[in-house]
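Both complexes shown next keep subunit A, but they swap its partner, so subunit B is in the first and subunit C is in the second.
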Partner chain A sequence: MPLLEISGLTKHFGGLRAVHDLVLHVGNDEIVGLIGPNGSGKTTVFNLVTGLYPATAGRVVFDHGRQELTGLPPHRITALGVARTFQTQRLFNHMTVLENILVGTHCRTRAGIAGILLGMPGPRAERRRVEDRAAELLGLFGDRLLSRAGRPAWTLSYANRRRLEIARALAADPRLLLLDEPAAGMNPTETHELMRDIERIRARGITVLLIEHDMTVIRGICDRVVALDHGTKIAEGRFEEVRESAAVLEAYLGRRAGRA
Partner chain B sequence: MADVLQILPQQLVFGLALGTVYGLIALGYTMVYGVLLMINFAHGEIFMIGAYVGWGVLTALLNAQVGGLHPAWVVPLLLLHAMLVAGLLGVCLERFAYRPLYLRGATRLGPLISAVGASIFLQNAVMVTQGARMKVYMTSLLFPRGWRIQVAGASISALVIVMIMVAGLMMWGLHELVQRTTLGRSIRAVAEDRETAAIMGVNVRRVIAVTFFLGSALGGAAGVLVGLYYTQIDFYMGYSAGLKAFTAAVLGGIGNIKGAMLGGLVLGLVESLAVTFGNPAYKDVVAFIILILTLVFRPTGILGENVAEREKV
Partner chain C sequence: MAPPGWLRWVAWALGLAAVVGPLLAPNDYWIGVMARICLYATLALGLNVVVGFAGLLDLGYVAFFGIGSYVYAFLASGHFGLHLPFFVVVPIVVVATAVSGLLIGAPTLRLRGDYLAIVTLGFGEITYLLLINLDRPVNITGGPSGIIGIDPPALAGFTLSRNTEYYYLFLAALALALIASVRLRHSRVGWAWQAIREDELAAKTMGINTTVAKLQAFAMGASFAGVGGSFLASWQRSVFPENFLFTESINILAMVILGGTGNLLGVVVGATLLVTLPEVFRDFQRYRLLVFGLMLMVLMVVRPQGLLVTDGRREEQEDQAV
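Right, the complex of A and B next:
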C-alpha cells in the first residue's frame, strides 16, 4: 500500500467538475509532481486531501491504507502527518517568524487548555524542546530565517516568506508534505536553492507532493509526474514520458511552448 | 469654575474606575470579533448575569450569617463564581446560538441576529426567574464608608482602588496569555487566518469556544465590580453597559485587544469629564457621539484593527 492513496476522488462546485474520479498514489520517500494548466484542479486536490473542502465522492487514505482521511477536520489531518503550504503566501503576518513556527508545532505539543487556563506555564522541558526544534527548522534555510526569528513575518522578503511557509509546515512534523507552487515568483538562483531544500526535506524521510508550473523544478527533482486537465488525470510517469504524451502536449506543454 | 476644578480629581478617579470596567467588558466584544468577525450583542447580558451571580453569592453569605466577611476573600469568591458562570454561558451561546449558523455557511448577518435574539432571551429569562425589581448589593457591609484615602484633593474609596486593581490585573493577565502562551498564539492565529490555522493543526472550534469563555468571564467579572460599585442591579443593566463597552471596543479598534482597554479608559474619562464640565444628563449622549464620530472618521479605531489583510468571510 502506498503512503497516500487517492481513489475516485471527485469535487463538484455546482456545475463545475473541479476534480473528477481521480486516482493517485504517492509512495514513501517519493517526490511526485502534480502539473496541469491553470484551473485543472491541482489546488483543489490539495484542499480535498487536507480537509479544507469536503469531497463530493471518493476516498483519501493515508499511512499505507491504515488511516482514512476523508471527512476528517483539517487539524486532525495535520496531526496525522499531512502538512501543506499555499499557492499565495498565507503566513501569520503579524506574528514573528518564530511564532509562526510555534503555531505549526501546536499539534505536537501536549500542554492542554485546562493547564493553560489554570496558569500553569507548561513543563519547561517541553517548551525548551519546542523552541530548539523551531530553531532547527529555521536553520534549514541557513541564516536567512534564523537571523530574523524575532521579526514580524510581514517584514520578510518574498523568497524568505516562502521559505518560512515551508518551515512552518515542517513544524507539524509531517510524513507527507504538500507544496503548492513553491517556486512561484522566485528567480533562477532562488529556484535552484529551493530544489536543493526539497531534496534535503526528502532526505529527512518526508514524502513530497508538489504542484509546480516551473518545469525546471519538475524535471530536476520529481521521481514521478502526474498531469491533470479539467480535473482528470491525463498522464502519469517519469517527466520525459509525460512530456511526450499527446494529451499533455495538447493540454499543457503546447500552450507553454507557445508562450516561451 | 472653582467648584468644577475642586471636583475634577474626584471625577478623574471615577472616570478611571469606570473606564477600566468598560475596557473589561469591551475585551469580550473585541476577542469574539477577532476570531469570528461577529459582534456578540448578547455580551451585555453575560455581564448582567455575572452581576446577578455575584449578588447571589454575596446574599447567600449574608443570609448564612458567615462571620468575618472581608473583601480580601469575599471579592475573589464573587469574581470566581461570576466568571465561571459567565464563561460557561458564553461557551453555550457560541455552541447553540452561533455555531449552528456559521457551520451552515450563514452570512455574517445570521449570527448577529441570533445574538440580538439571545440578548432578549437572556434579559427575559433573568426577569422571569429573578423578578423585574432591582437587587441590592450590600456593598457597605464589605467596604465600610470610612475606608478611603485622600490623594490630591480626591477622596478615593477602597472599593474604587479594588476595582481598578482587579480590572488592571485581569487585563494584564489576558495580555500575557495572548502574547506568551500556546493558547494565545492559537487565538491570534485563528484571528489572522482561520483556515491556515486549521491546516497548521490548530483546533479552530476549540479555540473559538475558549475565546468565548475568556471574553465572557471578563464580562462576568465586570458585572460583579459594577454591582459592588453602583449597588443596584437589574435585568436591563446589560443593555446600556453593553452598548458603552461596544463603543469602547470600536473606539480602540475592534479586534484589537489593547485597543479595547484603551478605548474603555478613554470613554470612561471622557464621560466623567462631560459630567464635570457639562450637564450630567448628556453623559450617554457623549458616549454615542464618540461612537458615531469614530465610525465616520476613523472606522478602524485608535489602534486600528489587528487582523487586517483578510480577504474573505
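Right, the complex of A and C next:
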C-alpha cells in the first residue's frame, strides 16, 4: 500500500466539478508533481486531502492503508503527519519568524494552561525543546531565516516568506509534505536553491507532493508527474512521457484547429 | 523576543511607582483612583487575552465582570445569608466566570469580526437585563436596587477597610495577571491564539484545534474578569446593574486598544490613562467628555497602532532583492 492513496475523490461546488473521480497514490520517499492548467483542480485536491473541504465522494487513505483521512478535521490530519504550504502565502505576519515555526510545533507539544501559568518544569523544558527544534529548522535555509528569527514575518522578502512557509510546515513533523506552487514568484537562482532544498527535505525521509507551474522544478526533481484537467487525471508517469501526452498538450495549448 | 532595553526600565519604574504610590498620593481619594487603575488594568489584561492575543472582538466583556461581581455578592453577603470567606469565594467566582466564558464563547465559535462583535454585544446586554430583572418571581439579583451589605475581604482575622489596603490587594492581583499574561503569550497556547488572530485557516492546517483554543481564550479572559468582579463587589460593598453597562465594555476595550493591542505594558498604560484622565478633567465637568473624546481621536490619527508597540511594526521591510 502506498503512503497516500486517493480513490474516487470527487468535489462538486454546485454544478462545477472541481475534482472528479480522481485516483492518485504517492509512495514513500517519492517526489510527485501535480500539474495542470489554471482551474484544473490541483489546489482543490490539496484542500480535500488536508480536510479544509469535505469531499463530495471518494476516500483519502494515509499511512499505507492504515489511516482514513476522509472526514477528519484539518488539525487531526496535520497531527497524523500531513503538512502543507499555500499558493498565496498565509504566514502569521505579526508574529516573529521564530514564532511562526513554533506555531507549527503545536500538534507535537502537550503543555496545558495550568502548567504554563504555574511555570511548571514540564512545560518549560518542552518550550526549550521546541525552540531548539525551530532554530534547527530555520537553519535548513542557511542564514537566510536564522539571521531574521526575531523579526516579524511580514518584513521578510518574498522568497524568504516562501522558505518560512516550508519551514513552518516541517515543524509539524510531517511524513507527507504538500507544497502548493513553492517556486511561484522566485527568480531562477532562487528556484534552483528551492529544488535543492526540496531534495534535502526528501532526504530527511519526508514524501513530497507538489503543485508547480515552473516545469524546470517538475523536470528537475519529480520522480513522477500527474496531470489534471477539469478535475480529472489526464496523464501520469515520468515527466518526459507526460509532456508528450496528447491530452496534456491539448489541455495546455488547446485542440489543434486542423484536428478539430 | 526580549523587549528593548528602554521598555524594561519603564516597566521597572512603573512597578516602583506603583509600590510607593500610596505614600505620595495627596489624599485618600487618589489612593482610591489608584486602586481603580489596578482593578481596571486587570480587567483589561483579561480582555486582551481575547481581543489582543486571539483577535476575537468581544464587545460584551462587561458581562463577565458583572457575573463575577454578583456571584461574589451571592456567596458573601446577607442576600442569601451566605458569608463564605474571601479566599474561598474568589476561586469559586473565577471558576464560575470561566464557565460563563465557555457558555458565551461556544455559540460564537463560527463567527468572526463584525458578526462576533455584535453577538457578544448582545450577550452583554442580555446579562445586564437579567441582572436588572431577576428579582421576580424569585429574588435572585435584587433587581435595580442591586445587592448591598457585601462582606469586605478578610484574611486571618484582618478585615480590609482602608483604600490603601485595597490598593495593595488589587496591585498584587494585577502583578499576577501580568505574570500570567507573559507566560501565556510565550507558550504553545499563546502562539496558537496569535496564529488564529493572524490567519485562522492557516492555524487549522498547522494542527491547531481552533475550537478548543478559542474556548480557552474566552474562559481565560473571563476568569480575569471574575477576579476583578470579586474585587469590585467587596470594595464597593454593594453591586448594582448600572455598574455593568455597555459603556463599561467599550471603556475596557479602549484601554486595550489605546496602549497597543496585544502589548501588555501598553494595556496597563491604557488603563492608567483611561481611569486617570476623567478624574483630572473632573474640574471641567462640562467639557470632560469633549476633551477626552478629542484626545482619543487625536491619538487614533497620530498613533493608530497604540501608544506602545514593540512588535517591530515600524521596522523596515526587508529588501526584495536577497
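In this section, the second predicted complex is superposed on the first by the 242 of 260 C-alpha atoms of A that agree within 3 Å, B and C clash if a C-alpha of one lies under 4 Å from a C-alpha of the other, contacts with A are read in each partner's own complex, and residues count from 1 in each chain.
Please note the rule applied: a contact is a pair of C-beta atoms (placed from the backbone, for glycine too) under 8 Å apart; a residue touches a chain by one contact, two chains touch by 3 or more.
Every value quoted in this text rests on a predicted model; they were computed, and no experiment measured them.
Trainee: Which term applies to subunit B and subunit C once both are placed on subunit A by superposition, clash or fit?
Mentor: Aligned on subunit A, subunit B and subunit C clash with each other.
Trainee: Should A:Arg84 be classified as contacting the first partner (subunit B), the second (subunit C), both, or neither?
Mentor: both
Trainee: Counting only touches as set out at the top, which of subunit B and subunit C does A:Arg17 meet: first, second, both, neither?
Mentor: Neither partner.
Trainee: For A:Arg144 in the superposed arrangement: first (subunit B), second (subunit C), both or neither?
Mentor: second
Trainee: Contacts for A:His230 in the overlay, against subunit B (first) and subunit C (second): which applies, first, second, both or neither?
Mentor: After superposing on A, A:His230 lies clear of both subunit B and subunit C.
Trainee: Examine A:Ala172 and indicate which partner it touches, taking first as subunit B and second as subunit C; both and neither are also allowed.
Mentor: both
Trainee: Of the two partner chains, subunit B (first) and subunit C (second), which one does A:Thr96 touch, if any: first, second, both, or neither?
Mentor: Once the two structures are laid over each other on A, A:Thr96 reaches subunit C alone.
Trainee: For A:Pro152 in the superposed arrangement: first (subunit B), second (subunit C), both or neither?
Mentor: Once the two structures are laid over each other on A, A:Pro152 reaches subunit C alone.
Trainee: By residue count, which of the two partners contacts subunit A more extensively, subunit B or subunit C?
Mentor: Higher number of touched subunit A residues: C.
Trainee: Touching subunit B and also subunit C: which subunit A residues?
Mentor: The overlap between the subunit B and subunit C interfaces on subunit A comprises residues 50, 52, 73-75, 78-79, 83-84, 86, 90, 92-95, 99, 102-104, 106-109, 111, 113, 116-117, 168-169, 172.
Trainee: Can you tell me which positions in subunit A touch subunit B when the two form their complex?
Mentor: Listed in rising order, the residues are 50-52, 73-75, 78-79, 83-84, 86, 90, 92-95, 99, 102-104, 106-109, 111, 113, 116-117, 121-122, 168-169, 171-172.
Trainee: If you look only at subunit C, which of its residues touch subunit A in the complex?
Mentor: Those in contact with subunit A are residues 1, 180, 183-184, 186-189, 191-192, 194-195, 198-199, 201-210, 216, 220, 311-313, 315-322.
Trainee: Over in the complex, which subunit A residues touch subunit C? Could you list them?
Mentor: 50, 52, 73-75, 78-79, 83-84, 86, 90-96, 98-99, 102-109, 111, 113, 116-117, 119, 123, 126-127, 130, 144, 148, 150-152, 154-160, 168-169, 172, 190
Trainee: Which subunit B residues qualify as touching subunit A in the complex?
Mentor: Per the touch definition, subunit B meets subunit A at residues 177, 181-183, 185-186, 188-189, 192-193, 195-204, 206, 210, 306-307, 309.
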